[in-house]
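After this come two complexes, each holding chain A, first together with chain B and then together with chain C.
After this line comes the complex of A and B, so read on.
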């Protein structure tokens, strides 16, 4: 398929199904983790440390994907880790979206001094390395689920603000907005009923992307041991442990890494797919 | 004249941004935590230590006065003394900066070469399977952040097929007496090829992890603008004159398609530098970012603020240079 400019268009159906399917499986794993996890994710057993996954020799039944150096079950920890990852993705992603998109909408449609103030803040925010900023915030406000979510919202609102500002500016210059004004709509009403629905596809696409980013940020924070408590099952924490023992027990790194990889890929592909599907020009 | 004024405006804007950065850093480090002195103290500090620190940072004064004193010190490059390493922060930070700069520039070079090659390939063979492969490859590369690429590279080339070093900056045996901290640059000047090889062997994996997402962005954008240029009349003219497709792309289309990519590469380069924080940690590379994470873990606030401000300065400078380059290179803006 080719569009007017001769660009190749990718089929969107398969991409949406695959990424949506993986995220659905993950959500089920997170919700039913206590029912399906074969072991207690916190239970340590130093005598069964670094057991390999089930297809290798020297395994024990019940530890399907092996154990880490403390004898904790890799599969069970991954299932419980999905809970934290998805909660952070949903809550932090949605909050970031609401705050960032609102500011972007106001800056792009009202222009003038609200735009100048918001854009200046965006400029200042762009001068900080995001990962360092996140780590610094966590160090200052303390670890824990609320802190992680707060840090992600504080750091990433600019991503929405920048894009939505540009989109709202483009929409604001269109004739249909002018005619809504002539018809006697208030500025605020026009923004909500005319501009917002037209930038909504972009917001939805950015939101799914942001969920993937939130998962990564949480993994990075737990990788440097600044997420929730240190022995709680997190993908980043498992990856951190797996990185140090990668030559002795590759499975501790590989399985959480594959899960994280597929999850982040799915969120971004879902975002791209939804954008194509909702974009009235491409449709 | 117009050029000068536009430079001046950008300089003022940069200054305002940097001032904002200073305010935010001050607020995060000094105002938000309940008792900054308690956070700065190592475990087991005495009352005398507390009193000394309180006097040193002037916590008895108003917050506004504190800010002015702090800002005055920062502007003069005085970030205080590191709590965990007991050395001046400015010294520590400047010693580590070369390592991070070398890694970032190496990553940028790889990204430009890789992304450029993908874009040219996709343009030369447009409409074929090769272009589809470039599109899908770039889409994948873009969806996965540097942190994950780093882990994948560690598994592939550190464990599965261990041909590269995945830890450190240089092999201890080859650590010749460097007189600067620009190891790679110095090794090249001194023609120590064994050292150059070792440094590159250490640097390649972290640099590649940083480069892959940026290469994908360059590939997508440059291919898009090349494609738009290929429809222009002057390109068709060159083609009718009998130039080969290769030379039409490289000599006619490329120079005109590069400009939009350049601005984007500038912004993305700052993201790449930001990525060094976690990538250096992942590869135990002795740079600024790795030091920053240690500083956070040790609650070494003077060191953290020094590193954050240095990064912010670096980011704004890169953006300023790119903005100015864009004005200089774009003939339409030059005469505006």
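After this line comes the complex of A and C, so read on.
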């Protein structure tokens, strides 16, 4: 009665390698930014404005990826930008996930009045235009790292709540949940030991996706000058600056843009890859 | 002998009013197998779920009593009820695909019941689980304990579910169409296994099925259910010799026999269905009055 599907382990796919690798590099860059950044990210030098990247003519040593119109080093700003991007991704992503997933789990598994309250709340919440909401919030409590994180949590917890609610509802109807209850388990215990492990792959996928979204939202807010402060080194801020001088100095726009793109892509690919890996049925 | 499970005038309704079970009464004695037959949608599973306290949320018990080992489950507080049910009853479910948690290994899924219900130590439970898996004729139980459900065939999963149902020595087992999801050759093995386990453990067994052929092989008594109403409740021999209710007679005629496998595959006549429907309507009228 042996089964061919046995205990075979899937090798880590290329997708996981690439996305995980890029994020690891980024994390290192963020952690060690003060050590590896060749210049001070805030130091302006109007005499060395718009220096091109190292392979073009007219460069100066130490400014590998060129400088912006105020003479700030693009590479150093990007390294420090990784710090802000990753802090926002981790903190905002995790908070959003914890709040949204808990509410979704409770609504989907308990049903009844907890579900009615939470679902109604989600519906009302989603009737607000989210970006307007975030801008309003920042207008009220001011710009800064905390308000960006808050804005992301406020906009996006409903995504977790809705998806996890649906999943928990499906799992809750399965016979193994009934069996656990017949065996005398409490409802809360059943939720934690039976339902949660089964929705975990989805939570992980949503979480990493959310981290990517957090990076984008932070960039958008920087782009419209609602992020941390005008000269703080953020990717969004750099993109917004680079946009105005793209004909004279394309590198100010292109390097942060590519980094942003790769990062967001990596987050979503990492999520998908992890989901496949954690899901015992797909594994 | 006092029946171990005694359901008295149980009524279950949708929360919006529609009746699902209509004054159902049935008894299952210790060491006996009681069959519960009826067409799909008759409410067979809902009887089992009422006993085990796992009715879907849209449904509620609107009247009656469920006596389990001398205690009316519906008259004690929910926490106590859950405890009693956990200690005395277990379910062999219809679909072995959804009855095991896909994210946990087989071993803990069996031993957990022993630890939860009987308060055993992990090591004792582990040893007992191995024994049980051997008892349900699983080769290499030590390996199976480490497998995930999706790594096993449907027949193996059903064996595991049987082992896990008998694990905590329940005095009542409810088997809800335990063989429907399996192919015919495996069905026979599983059926024999359940009958053997029941005889060895001496538990009361409520056996839900829509197959009279199966009932005739394993049951001591049976109830015939139509639209949530028990239309006949009889000992096995009496039922197959002299079925009283016209619906039972039609059902018997519709069951293929060994000597005449196709000739007896007759649909239940419309006149009989109309008659039962009338009974149901009458019942509802009396019930509302």
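Brief remarks follow.
FYI, the second predicted complex is superposed on the first by the 271 of 283 C-alpha atoms of A that agree within 3 Å, B and C clash if a C-alpha of one lies under 4 Å from a C-alpha of the other, contacts with A are read in each partner's own complex, and residues count from 1 in each chain.
Here, a contact is a pair of C-beta atoms (placed from the backbone, for glycine too) under 8 Å apart; a residue touches a chain by one contact, two chains touch by 3 or more.
Just so you know, these numbers come straight off a predicted model, no measurement behind them.
When both complexes are superposed on chain A, chain B and chain C fit side by side without a clash.
Counted by residues of chain A touched, the larger count belongs to B, out of chain B and chain C. Contacts of A:176 after superposition: chain C is touched, whereas chain B is not reached.
Legend: residue contacts after superposition of the two complexes on their common chain; A:46 is shown touching neither chain B nor chain C.
In the superposed model, A:131 lies in contact with chain B only, and not with chain C.
In the overlay built on the shared chain, the residue A:253 is in contact with chain B alone; chain C does not reach it.
Of the two partner chains, chain C is the only one touched by A:197; chain B is not. Of the two partner chains, neither chain B nor chain C is touched by A:35. Once the two complexes are overlaid on the shared chain, A:185 sits against chain C while remaining clear of chain B. With the two structures brought together on chain A, the opening angle seen from the C-alpha centre of chain A toward chain B and chain C is 90°, to the nearest 10.
Note on the superposed arrangement: chain B and chain C approach each other to a least C-alpha distance of 17 Å.
The interface of chain A with chain B overlaps its interface with chain C at residues 5-7.
By the touch criterion given at the top, residues 49, 52-54, 56-57, 82-83, 85-87, 89-91, 93-95, 98-104, 109, 112-113, 116-117, 138-140, 146-148, 150-153, 156, 164, 168 of chain C touch chain A in their complex.
Within the complex, the chain A residues that touch chain C are 1, 3, 5-7, 111-112, 173-176, 178-185, 194, 197-198, 200, 280-281. Contact residues of chain B toward chain A in the complex are 13, 16-18, 20-21, 24, 28-29, 32-33, 39, 127, 131-132, 135-136, 139-140, 142-145, 147-148, 151-152, 154-155, 158-159, 224, 227-228, 267, 270, 273-275, 277-278, 281-282, 289, 292-293, 296-297, 299, 304, 307-308, 311-312, 315-316, 319. Across the complex, chain A meets chain B through its residues 5-8, 10, 120-121, 123-124, 126-133, 135-141, 212-213, 216, 219-220, 223-226, 239, 243, 246-247, 250, 253-254, 257, 260-261, 264-265, 268-269, 272.
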